[in-house]
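Presented sequentially are two complexes of subunit A, the first with subunit B as partner and the second with subunit C.
What follows is the complex of A and B.
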C-alpha cells in the first residue's frame, strides 16, 4: 500500500504513489483513486510510463521517444551523487535552463563566488547540436571564478562544458578542483508545473571525499537562491523564441542555439509563441 | 477609453519616491516602468526591462549617470537610455541600436508625470499654481479608474483635520482622470485636487494635492485626516469593484528589438543625421576652444567613452572630433578643438567663424576607440589635444570607481585643455609639462616599464608620440591587445590583399568590399538598405542568401551545418574566402 499524492506536470494533474521496495506508479488524476488515500499499485491500470533514475521519478504524459538521456558519471563507483535542492521558482522552464547555460551573469549575480568584477569577459566558445543524439553541447567555455566550487580556495579560470539533452534538463561539467583529470557534474532537472511555474531539482555527481553533504548542499542552494530573484524578475516570463524579441550578443551563443533548438523540436510550452 | 488614456499625461510617482540612486518601480496602463532621478535631476522613465533578457531594471543599480542591469551588468545612460557598455564583451562598443524604450517625464505639483504617447503638457491647475501645496499620501486601490473617480466626487473632508467637523464641499471640475473639490467651513476654504493614476484595468492610485498646506500641528492632523478618509473610501470602492465585472488586465505591447534604419547617404558617403546648436564656446587652453553642443530636436543619442562625431562645417568641410564628456552627463556633447597651424579650414572655421547659437549638422557618435571596463588598472596617456577622448574615459572610470591614471603630456600648463575637469579628476591626473621628445620617450619608458596582467593602456596624441609608445610598449613586451591607440587620421587602412567582390544578382551590381569594411557597410554606402540590429552576428537580422562563392562565417547565429552549407551569410560580420560572392539581393 502507498499514499496517493498529486502534482502538476505541464499544467496537468498527475497522481502517483510509491511502495517499498521501489514500486512506483503514476497516472492522470482520477476520482476513482483520490489523493491522500492509501492504494495498491496493482489498482492502477491505465498508468503513465515511469522511471526511477538519478534519484528522481520521471514520467511522461505521452509516449516517450526512446530512453531517458544517459549520465555515465552517475554510475562511477567513487563518485558522490547528491540531491542538492528542490526549489520552486515563478518562471518558465526554458528561462531557468537558459540561465543555467549562461556565464555572463556570474560576476553580477554570484558576486565573489562564481565571478567577480572586473573579470567579466565571456570568451568565445563552441556550440553544436550533436547529430546522433540531437543534444545541444556548449564546449570550450572558460570563465574566471573566485570560488568555483565548495572545495575551491582561490580564483582561477575554470573550464565548463554544458549539455542540454532535454528541453527542460541540462548538465554542466567542470574540472574537479580535487582531480584535474575528471569532471564534476551538476544537473538541473526542471518540472514545469505550469507555463510560468517550475520546480527545479539540482543533482550533483562529484569527486569530493572531504566535504559533508550538508556543506555541499548549502553551497549549491546559496547559488540557486541568487538566481531565483533574477528568474522571477524577467518579463515576459515565457521564453520568446523570435530572435528579435530580445537582444542576443556573441556570448549568448548557447542561448541562441537553445532557442533555435526548442523551435526545431516544436516546443510550445513555456515559450512564446505559446501553443 | 484606453485609447484616449494613452494620449494623456498621468502621475506615475511622487517626487519623494525618487531619492538619488534609487530606482522606483511604477506602472501605468499595464506597463511597468523603471523611474530614476539622475545626478543632473533629469527624471528617467523607462520600460522596466533590460533589452538583453527582459530583466526588470528596477532591481538594478544607478550610479547617478548610468543604470546598471542586475543580471549581466549592461549599462544604460541617463536621458537617452542608450547602452554604453556590455561587460561580457569589454573590447566592443555596443551597437547604437541598443537603446531602451523611454517615456517623457515632467515634474509638477510634487508629482512625476508621464504617459504612453501624451500630447501637449501635463494639466495646469490654477489652484495649485504659486501656492504652498501639500501632497497627500498616495492611496493604491484595487478598482478601475472610473469607479474611483465616481466615489471621489462625493468625498467630504475637514479643513482643520478634525474628523468631526466635515465641511460643505463643492466640485470645481471633473475630467476623465482628475477632479477638484473645495471645502468651505467658517469662512475658510481648502481645495484638494485628486489625480487618479490608471495602473491597470482594475488598479488605480489616488494622488491628492492640497492647494494650501496648513501650518504647524494642523498640517500633520490634515495629512492624517485625509489618509484615514481616503483609506475608508478605498475599502468601499474595493468592495464595490469585487461586485463589478471582472476586467482583463491591460496588455502593454513590448516592442521588438529596434532595427537600425537604412542610412541615407550623402554624395560624400557621410551622414549628418543630427542638428545641434552651439550652447557655449570658450577658450579652454592656449589655442584650444571648448564647444558644448545641444540638440535642437530629439535628445542626443548615447555616446560611449572614446566616441567621436563628424562635424559638418559651414564651409562644407567634414571633421571628426572626440567627445570629451562622460556618457549620462547631461544631454550635450562637449568637444575640444585645437587650432591647427596648417589648418585647411576645419579647425580655423570652428575657431573663427562658428559662434554660440549657431546650428551645426553632426553625425551620430561612433566608437572606434572603445574603453574596456574590466581592467584591474587603466593607464590613459594623452599628448596635447589627444586628451579629448581620454577625458571622457577618465570621467567614466572615475564614475565607475575603477582604478586609473591619466598622464597628460603638454607644453605648459596654459596648454592644458579643460582644467576644470582635470581639477575634478584630482590625483588621478599626472602632468608631464614641457618635455623634449627624448624626455617624453624616457617618461613613456618609465610608464610602460613592464606589462601587468589585466592592465590596459589607452594612448591618443600626435603621430610621433603614438609611434614612440608603440615601439616602447613592444620592447617592454606588452601584448598588442593591452595597448589601444586612437589615430586621428586614416583610421581605416585598406588592405587590398584581403578584399573581395560582391555581386548582387537581383540588382545587377558588383561592389568591392575592402578590408576594414563590412559587406553591410559597403551595401549601405551604395544606397542599398539592408535591415540590421545587433551588428555582431548574433541576431540574424541582416541575413542574406548566398548564390555562389564561399563565405567566411564569423557569426554565431548560423549553426555548423548551415555554415558548411554556405547558403546564408550574416553581412554585418562575415566575409568571403573566395574572391567573389554572389548574393541574392
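What follows is the complex of A and C.
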C-alpha cells in the first residue's frame, strides 16, 4: 500500500504513489483513487509511463519517444551523486534553462563565486545540435571563476560544457577542482508546474571524497538562490521564440540556439507563442 | 568565537549573520542541512534545540535560540554604543520591543509564503500573503511619516535598532513568496537605507546597493 499524492505537470493533475521496494505508479488524477488515500499499485490500471532515474521519478503525459537521456558519469563508482535541492520558482521552464546556459551573468549575480569584475568577458564558444541525439551542446566555454566549486581554493579559468538533452533539462560539465582530467556534472531538471511556475531539481555528480553532502548542497543552493530573483523578474515570463522579440548579444549564442531548437521541436509550453 | 547553527537561505539565520557583520563580531557558521536533509528535526539536533529549529548560537558555552532573542543578546553584549538595543531610553526600548513583535508577524506571513513557494511548506498561501500585505501597509505608512520627520528607521531614534534588522529580511525577500513591494515606496527606500548600513552583508537572493561584504560560502569562520 502507498498513499496517493498529487502534483501538477504541465498544468495537468497527476497522481502518483510509491511503495517499497521501488514500486511506483503515476496516472492522471482520477476521482476513483482520491489524493491522500492508501492504495495498492495493482489498482492502477490506466497508468502513465514511469521511470526511476537519477534519484527522481519521471513520467510523460504522452508516449515517450525512446529512452530518457543517458548520463554515463552517474554510474561511475567513485562519483558522489547528490540531490542538492528542489526549489519552486515563479518563472517558466525555458527561462530557467536559458539562465542556466548563460555565463554573462556570473560576475554580477554570483559575485565573488562564479565570476568577478573585471573578468566579465565571455570568450567565443561553439554551439551545435548533435545530429544523432538531437541534443544541444555548447562547448569550449571558458570563464574566470573566483570559486568554481565548493572544493575550490583559488580563482581559475574554468572550462564548461553545456548539454541540453531535453527541453526542460540541462547538464553542465565543468573541470573538477580535484581532478583536472575529469568533469563534475551539475544537472538542472525542471518540472513545469504551470506555464510560469516550476520546480527546479538540482543534481550533482561530483569527484569529491572529502566534503559532506550538507556542505556541497549549501554551495549549490546559495548559487541557485542568487539566480532566483533574476529568474522571477524576467519579463515576459514565457520565453519568446521569435528571434526578433529580444535582443541577443554575442555571448548569447547558446540562448539563440536553444530558442531555435525549441521552435524546431515544436515546444509550445512555457514559451511565446503559446499553444 | 560565537558559533551559529546556520542555514544560508534561512531569513532567521541571516538576521544573526547581518547583525554580527554590522557589529564586526567574528563568528563560525555551522551549516545545518535544513533542506532537503531536515537536519534541524533530527534527534541529534534536538539535543541542541529541543524545538528543532534554527538559528541557535553558542557563545563560548552560552546557548541561545530564537532569532529575535539572539538579536537582543548580540546587541546587548557586542554593541558598545548601546544604540542597537537602546536600553537606556524607555521610549526607544518600548518601541524596539513593539517592532520586534511586529517582526514575528512578518516572519509568520511574508517569510512563511516564501517557504511555501520555495520549499513546498504546507501553509495557507493566500492567508500568508494577505497577512503580509496588511503588515506591509502598516509599516509603509509608519515609515512614510518617519521620513517627514527626517527619520529613517522603524523606531523613533536617529539610529537603526535591532528591530530594523529583525524586519528587513522578511521584507526584502518577500517577492520570493509572491508578496510584491511595488505599492510600498517608503518600504523600498527603507530597505535601501538598511543596505547602506556599514558592515552590511547580503544573503543569496538579496543584492547590495553599494559596497558590501561578500557572502561567505565556505561554512567556515567569518572574520
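Note that the second predicted complex is superposed on the first by the 275 of 275 C-alpha atoms of A that agree within 3 Å, B and C clash if a C-alpha of one lies under 4 Å from a C-alpha of the other, contacts with A are read in each partner's own complex, and residues count from 1 in each chain.
We take it that a residue touches a chain if its C-beta (ideal position, glycine included) is under 8 Å from a C-beta of that chain, and two chains touch if they have at least 3 such contacts.
Quantities reported herein were computed from a predicted structural model and do not represent experimental measurements.
Contacts of A:64 after superposition on the shared chain: neither subunit B nor subunit C is touched. After overlaying the two complexes on the shared chain, residue contacts for A:273 are found with neither subunit B nor subunit C. Legend: residue contacts after superposition of the two complexes on their common chain; A:34 is shown touching neither subunit B nor subunit C. After overlaying the two complexes on the shared chain, residue contacts for A:243 are found with subunit B alone; subunit C is out of touch. In the superposition on chain A, A:49 makes contact with neither subunit B nor subunit C. In the overlay built on the shared chain, the residue A:253 is in contact with subunit B alone; subunit C does not reach it.
The larger set of touched subunit A residues comes from B, when the choice is between subunit B and subunit C.
Within the superposed three-chain model, A:218 lies in touch with subunit C and out of touch with subunit B [touch as defined at top].
By the document's definition of touching, of the two partners only subunit C reaches A:85; subunit B does not. Touch criterion not met for A:11: it reaches neither subunit B nor subunit C.
In the superposition on chain A, the residues of subunit A contacting both subunit B and subunit C are 229, 233. Per the touch definition, subunit C reaches subunit A in the complex via residues 7-9, 31-33, 35-37, 39, 117-120, 175-176, 178, 203-205, 207, 214-215, 217, 219. Of all residues in subunit A, those touching subunit C in their complex are 83, 85-90, 111-113, 147, 150, 213-215, 217-219, 221-226, 228-229, 232-233.
Put simply, subunit B touches subunit A in their complex at residues 32, 48-49, 51-56, 59, 69-73, 86-91, 98, 254, 256-257, 259, 373-376, 402, 454, 533-534, 536-541, 556-557, 559-560.
On subunit A, the positions that touch subunit B within their shared complex are 98, 104-105, 107-109, 117-122, 127-129, 229-230, 233-236, 242-253, 256-257, 260.
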